[in-house]
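Just so it is clear, A, B and C label the chains in written order, and each chain counts residues from 1 on its own.
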Amino acid sequence: MTSTHSLANGTASDGPGPAVTVRPLPAVPGGWELAVRAFRCWLVMYRRTWRSSVWSSVLGPLFYLGAMGYGLGSLVDRNGTAALGGVPYVVFVAPAVLVVQAMNTAISNAMFPVFGGIHWNKIYVAARATMLRPADIYRGHLLFIALRIAMNSACFVVIMAAFGLIKSVWAVALLPASVLLGFAFAAPVAAWAVTLRTQTPMNYVVRFGSIPLMLFSGTFFPVSSLPGWLRPLAYATPLWHGVALCRALSTGTVDAGAAAIHVGYLVVMAAIGLWWGSRTYYRRLYV
Amino acid sequence: MSRVATVRSPSSLYSFASAFFGASSLPGKAALRLIERHARFYRRMWLVVLSGAVEPLFYLFSVGVGVGGLIGTVTGPGGVPVPYKTFVAPGLLAVSALNGALNDSTFNVFGRLKWEKLYDAVLATPVGPGEVALGEIGWAVLRGLLYSVPFLVVMAALGLITSPWALLALPGAALISFAVAAVGVACTTFMRSWQDFEYVVLVSVPLFLFSGTFYPLSVYPHVIAVIVEWSPLYQGVVILRDLVLGYPSLSLLWRAAYLLLLGLAGLAVAGRRIARLLLV
Amino acid sequence: MRMLGCVSPPTQGDLTILGGDPVRDGAAIRARLGVVPQEDTLDNELTVRENLLVYGRYFGLNRKLIAERTDELLDFVQLTERADDQVDPLSGGMKRRLTIARSLINSPDILILDEPTTGLDPQARHVVWDRLFRLKQRGVTLILTTHYMDEAEQLCDRLVVMDHGEIAAEGTPRELIARYSTPEVLELRFPPDVQEAAFEKIKSLTSERSELTADRMLLYAADGDELLARVRAAGLEPVGEFVRRSTLEDVFLQLTGRTLVD
């Protein structure tokens, strides 16, 4: 008697003995649906842990606004703000603080929890055993990071409005702009962080990456104050594009061409990050 | 005959001292051994340790020079207008001293206490809890100096030092590190989980921003200025600024005494807490 | 164990170690003690050699002396080839041997060990026992706590059985077994539904002690095979049967009414 195996009709019989029925494999949803499932998992975890970060998310930028915007601002305004386009220093600095907060949220959430997903609490490794593919794990996490950036930015935009620092109706676009900037950082940084074997490089990214970026990208003083040879470097950083974009939106000095360049730059950076991330996640989780 | 003996209610000053400081004839000598261990440990990752010194330098160039160009001059100590970057630099020197001491008196101490169980191993030897506290604080002060010295050198290279009194800035920075480290270790012994470190950030960031580092106290309304005077970083900033710019005065001694007392109080609390946590 | 190690104050009563009072002279006594704690409190980021160096420095020993002793100790615990390796990747058995070597750096008079072989594989355990036995021969006093009866029987000259902080019995292992148990034990298993009834019936067959635990019955007798024959003659057929010699675990069960590992 020959043995017959057939997955199509779901039965296998192999000589004497009862026939064994093999259930057909389930269909795997495509697109971003699985990513959304991963995102929901992050939401459940966040419900438990949000209290531990809410104060630094809200108070941190507020402190910088107070010290730099108002404290330092009183010294700058005394001297004249022609170099800033005639606005008080605090109006000049506030959108930069918004953007810097978005960048810091993006980078720290794209580094430490990603590394931790493999080495500390190992959630990535756990998720890998389910039907989620590495790309889904990656995108689900990015969705969560985008949510956190949106929440932090929304808080700060409200603060800006309350302090009278918003000068134009274009400011409604501040929230999506800062989320876009944050996403543009989170995508490539997460793609990189998942490949790490030790945690020391992450400290270097903060000390030699995000801090100098925060200080020199036209945030506290215009890029025109930088020495000539440094200026192109500043223009090339995504943070400068975000700062310039958000500053234009909140002060109402929007120029369609410049805005298009800024938005385009950030979109391209996000796209490259997404492409790179699905490759690094695949290699790290499946190989 | 039964009697109850506890370390917490010693029957004599001698037994308290020997419980607190261990068996060394010179109390505190064993603290040096702990510092030696940390030096050996960090020797491997010296770049991580040193890279922390860079942050105040970035602020010096960005805020000091960059924003300084927008500000011009500021009224410094003695009522004399000085260029902004000359005003800001000593403030950031104080911040260097703070930064150097902060990590090794908070996060790293918690890690050694709860995860690496380093102190459990150490306390099984003749070393006492007071010496453990002294060793940790001593190491944090060393690291504070490790950050302050390069900053001072950069200040000199940029021509921001105008007085020979600036030589005293180094012991001044060490004093700031001592106060920060002692309070840091003492507070860390009360923390129960990594979530509590939120408070470290919530205290150190405002301290850094609002303690007269970037602008003189005269910017504040009077009520707030009075509150800020209690900040140890503010006192440290004033000491360093007056010394570096050449305005020494007796009031600096009072400010230094404040920092010293804060440090000693932290040391005492830290030693008792470590004893209470690990010797019961 | 922490009280003996002079790190916890005694809660009641008097304690004298090496002629000193642990509260007053704690640090001085600790200088003459060696401690092998239950969890290895090694410095994972340092190398094997550095761990010994740093620990020895806490005792105030000078570097030359530490270097000599380090070579000796690493040879004693067979870790010489790993001397310059980081501690973190070492196996559990190696880490425990390093902890033992570390505890000997100050040439202690008394060595305190808290469950020294818990969690080690059988081969590692035997290496540790061998080293501890040699230490004993050199004249070091060992104070050891353990859950392993074989460890206690092999290493101990004097054994104290403790239950809830009180001494339940004291003596050499052989004395304790002779005093509190019979030479042999018969272990029987029956299907769960007939276990109770079978136990009642068997109890009437023997005048010695018998215990019913969750998964088997323990019948104490001078001759286990003879008792088994009588059980069979009474018409009972066990699913599993095993005759063995009494151990300290039976002593503990008799003294405290509980199994050792519950």
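Here are some notes:
Operating definition for what follows: a residue touches a chain if its C-beta (ideal position, glycine included) is under 8 Å from a C-beta of that chain, and two chains touch if they have at least 3 such contacts.
The model shown is predicted, which means the values in this text are computed figures rather than measured ones.
Distances from each chain's CA mean to the overall CA mean are smallest for chain B.
The greatest centre-to-centre gap from chain C, using C-alpha centroids, is found for A. Note: centroid distance chain A to chain C, computed from Cα atoms, is 54 Å. Centroid to centroid, with C-alpha atoms defining each point, chain A and chain B lie 34 Å apart.
Centroids built from CA atoms put chain C at 46 Å from chain B. Chain contact summary for the complex, chain C toward chain B: residues 5, 7-14, 23-28, 30-31, 33, 35, 37, 39, 41-46, 50, 53-55, 57-60, 106. Residues 52-53, 55-56, 59-60, 63-64, 66-68, 71-72, 74-76, 78-79, 81, 83-84, 89, 200, 203-204, 207-208, 211-212, 215-216, 220-221, 225-226 of chain A touch chain B in their complex. The touching residues of chain B, when paired with chain C in their complex, are 1-7, 10, 14-15, 18-19, 21-24, 29-30, 33-34, 36-37, 40-41, 44, 116-118, 120-128, 278-280. Residues 45, 48, 51-52, 54-55, 58-59, 61-63, 66-67, 69-72, 74, 84, 195, 198, 201-202, 205-206, 209-210, 214-215, 219-220 of chain B are the ones that touch chain A when the two sit in their complex.
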